[in-house]
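Note that the chains are named A, B, C and D in the order they appear, and that numbering of residues resets to 1 at the start of each chain.
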Amino acid sequence: MHATYTMLILSTLFCAPIVYFILAARKGREIFIRPIAGLEAIDEAIGRATEMGRPVLYVSGMTYLDIIGLCSMAILGQVAKMCARYDLRLIVPMTSYLLYPIAEEAVREAYAGEGKTDLFNSEDIVYVPGQFPYAAACVGIMHREKVAANFFFGSFAAESLILAEAGNQVGAIQVAGTISTMQLPFFITACDYTIIGEEYYAATAYLTKEPTMLGSIVGQDIGKLTMTALIVLGVICSVLVAWLSSVHSNWMIELLER
Amino acid sequence: MATELEAKDALRRKVETVVVVVISAGALLYMLVDMFRALANPPEGMSGGSALYERFIVSVAAICTIVIYSFLYRENLFYRFLQHILVGLSIGYGTAVIWTQLLKPNWWDRLVGAESLPPNPWWILAVFPGILWYFQLSRKKVWLSRILIMFFMGTGSGAAFMGVFNLLLTPEKGQIQQSFKPFLTRVGGAPWFTWTNFNNIIFVVVLLCVLSYFFFSFRHEKNPILPVSSKLGRYFLMICFGTIFGTTVQGRMTLLIDRLTFLYTEWLKILAS
Amino acid sequence: MRKKLLMILTFIGGLYYFVYWVMPVESRLEDTLAYFGKVTLVIGGFAFLLGVINMVRLHGGKIVLKRPGYHNSVALIVAMIAMTLAELLRFYIKPTPDWVSKAYDLLFFHMRTPIDSTIFSLLAFYMASAAYRAFRIKSLEAGIMMAVAVIVMLGQITVGISLTKWIPSEMLQLQNIREWFMKYWNAAAQRGILFGAMVGALALSMRIWLSLERGSFFDRQL
Amino acid sequence: MKKPWYEWIQSIDRRIIYLVVFVLVSLPFFIPIPLPMDVSEQVQKLYNKVEEIAEYNKTAKKKKVVLFSMEWDPAVQAECWPQTEAMAEHCLTRGVPFILFSRWRPEGPTLAQQIAEKRAKEHGKKYGEDWVNFGYKRMDLPAFLAFIKDIYSQVTKDTEGTPIRTVPMMKHVESIRDVDLIFHVTGSVGVEQWIQYLQPETGVDVSIGCTAIIGPEMYPYLDSGQMVGMMEGLSGAAQYERLVGHLEGRGTRGMGSQNLAHFWIIAMMILGNVGYVFQRRRERLDKQRVEMSGE
């Protein structure tokens, strides 16, 4: 269907703040993002791994080269930085041949940035194609290396169940973040903290402080606020329709469908 | 201590070998008997040879199934072998089908001409952008493949406006209009509160709380509503995940039931199919 | 230079559909849509050999170097060729000879299908062991989730439904409670997620369309 | 030292759990469990919609058609096969022609073709007249939009290589508007694109047959009316089979086993958590004792 006038106005209302805040953030405007509980859990998990002196596993699931995958790689970069700071070994199994080199580079850069190039071992970035072989490889690593912390960030499919269970078995601290709604229940029950849905992007922005992401998050918030306002007004109108005999139809609906 | 463990290990290995041999011998024996039975009295309208072949392929499928289940005991050679076969088959099929069902009718036939179509040499030009995909395989010229990827991403993002607003604002069925749930119903000229209205209140409250959980850039300290609503939002999300959890159990069990149905009805023929 | 080219191409690709959406129905663009679609369908299809080439590169190397487990790679390549041939022969030789359809039957319906569905069905077992070993009610959140999950599970099986069949009020029977959770609580929460995702989709398309995206993938190697 | 009971019940070997699952799922095959089943609202709505089309087709010269969007592969055939079968059975017996088609899953139309052939053989129906197979067309969004605009620009031949215009059934279909219902069967997502790009322009109804896992995600669309009905998982298929009267289908057969399997999962959850709670309580007590003695 082609755009109606309402749609055009609304699309401007949604998109203009996004573009404005992205540009503003790039020019150096301070942007606030509420602290995301799961991210503190990352620090905690890294701390625990440092105490125990055991490696950390970063699992990106069935993530491919898309925005989710790139966000996952950005978070990986931050995790790798923390690991490098505390001299921890980080193991990253990857399933996408397009993301694999990006992951390797992210970890290498993070270790180099902390001046720990000698700690980086390119064999710790493992390429395992296929869903179930990937899950089996991750489970194998968890048991063999007795990992102290598991991070699950990316898009996940059925393998989430297997991964979360195995991590629980070895007693690792687990932090998960995914926008795959269908897999969230398993992470919530088996992980110590779970970042839910859209929070995943906010978490990326919070960690990387990338202006584009930050600006976009603020712009999106304004879009969601607009939506909330629309819904509240619409509900009020529908109550009025039932309450007052003089009102015959819902003005909001008429307005939106013009 | 070590020798004791070793002895235990050796015993376990022996038991495992015996179990594997017994199961595979049983399966093979059943397969042979089954095939001979089919050869001896083939079903009506079928030659003995085809009947035998039919039973043979059913047995192959059953043996594949059993071998995969052996993974539950331990990862093993046979499982890995079948896994590789699966990857080969699915890639082979996906490739061949794109040729036979997409490129052949929509490109080749137009290029060289088929039944009613005159040949149109201009279609050869489609090869040049098409070939760009393969630069993904080169480390140096990978940017050439980006031309296609970014172009498709661009078209996708341009079309997203249409998609998003159609989903949200289709006349009468739009997600936004359908969220305007009335909290009161007009019955006989007077406002009234019914069970549906109660459910509508639940719906709108849950919707708004969940939406507020996904506000990230507002400060909670200065806001009277947001801390409460976002906390409630997280709990409401848990209810939603609970339903997903419940249905997932059903979904996963169905997968197993399907395989067992196959084994019992088509292979072992214990049950009528 | 390259980067500019990509930016312009992305913008033009997006602009076409944006303008198509903004323009009223009778626009000229309406007619071009089908032509454009015809060409993009074919161009998209040309990626079809990527999977094969990747597999041959990965496993061909293993076979040549006789790495451990190379017999698996041989099986993979053989299976790939066999399946491709079966489909091509089935398509090109008309009427299909008996042996081709038999081979196709074996490869597709009695190997491809059962192996795939059996591997996926392993999840039924994992579900049980995960329920036992991993799903711990560590917090109020997990508690709420589990409670709803149990109601939903009981409400979708026949024995569970007959447990509460005796209750005279239909509303309190398990299958209806399940339906109530699904239709109101779940639908509303899902819609909340959906709204967030839709705004997110708009933001993402704005970023890609106007080439505002930053990050390693978009900045590197260009 | 002997393990305390709460540790013992937390340390059952996983292979024993697997074995019990296997036994419990197998039992109802041999000992039937009574299956009182209510047909859910969503399934009933879907059935009514197809019935509506069938009633129309009885008198109409140009029949309305259902498009089966077969986005499933063998991995999820356990749920999607019975759903497709129930729907194909309904369409074939009630004289509703249908189209098989897929954008993402090469195997979908092939498996659906097999289902349709089996059902057609029983009812004496013929390929080309009662159904047609478009096959797998890997469509990106531009191609999909063109498909909506003009089917024939994107589909020139069916899977057998017959030019699509010469297939007898296609005389009913000039454009996508002649399709009255989309029946999207899937184990992942993708149904949104029909709602986003097809429905507002043409008013074609969309319905879904999905694995139980993604069922909850479809409720916002069912609530808004963008989706007319849904078959959710095996139970949805079983309910549809009951409505169609196809009781020997895979759906109905499997429902018995669901019961015991579900109870086993619930039991496992309770067992694991009871052990966990007691273990935690013991740990807390131990800790208190240590603190007390430390003072």
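Following the convention adopted for this analysis, contacts are C-beta pairs under 8 Å (C-beta built on N, C-alpha and C of every residue); 3 or more make two chains touch, one makes a residue touch a chain.
Keep in mind the model is a prediction, meaning the values are calculated, not measured.
Note: the chain lying farthest from chain A is D, by mean C-alpha position.
No other pair of chains shares as many C-beta contacts as B-C. Each chain gets a centre from the mean of its Cα atoms; for chain C and chain D, those two points are 14 Å apart. Between the CA-based centres of chain A and chain B the separation comes to 22 Å, rounded to the whole angstrom. The distance from the centre of chain B to the centre of chain D, each centre being the mean of the chain's C-alpha atoms, comes to 11 Å. Averaged C-alpha coordinates put the centre of chain A at 19 Å from the centre of chain C. Each of the following residues of chain D touches two or more other chains: 18, 21, 25, 76-78, 107, 110, 137-138, 140, 142, 145, 154, 161, 200, 212-213, 216-217, 220, 223, 235, 258, 261-262, 265. The set of chain B residues that touch two or more partner chains comprises 72, 83, 87, 90, 93-94, 97-98, 100, 102, 104, 106, 136, 152, 155-156, 159, 161-164, 166-167, 170-172, 174-175, 177, 179, 204, 207-208, 211, 213-214, 234, 237-238, 240-245, 247-250, 253, 255-256, 258-259. In chain A, 1, 3, 11, 129, 132, 181-182, 185-186, 188-189, 197-198, 224, 227 are the positions where the chain touches two or more neighbouring chains simultaneously. By the touch rule above, chain D contacts chain C in their complex via residues 10, 12, 14, 17-18, 20-22, 25, 33-38, 40-41, 73-78, 107, 110-111, 114, 137-140, 142-147, 149-150, 153-154, 161, 212, 216-217, 219-220, 222-223, 235, 255-256, 258-259, 261-266, 268-269, 271-273, 276. Listed in rising order, the residues of chain B touching chain A in the complex are 75, 83, 87, 136, 161-162, 165-166, 169-172, 174, 176-177, 179-186, 189, 191, 204, 207-208, 211-220, 234, 237-238, 241-242, 244-245, 248. Per the touch definition, chain C reaches chain D in the complex via residues 17, 30, 33-38, 40-41, 44-45, 48, 91, 94, 108-109, 112-114, 116-117, 119-121, 124-125, 127-129, 131-137, 146, 150, 153-154, 156-162, 165, 175, 179, 182-183, 186-187, 190-191, 194. Across the interface of their complex, chain B is touched by residues 2, 5-6, 9-18, 20-21, 38-55, 57, 69, 71-73, 75-84, 86-88, 91, 102, 105-127, 140-142, 144-153, 155-157, 178, 180-196, 198, 201-202, 204-206, 208-209, 221-222 of chain C. Within the complex, the chain A residues that touch chain D are 1, 181-182.
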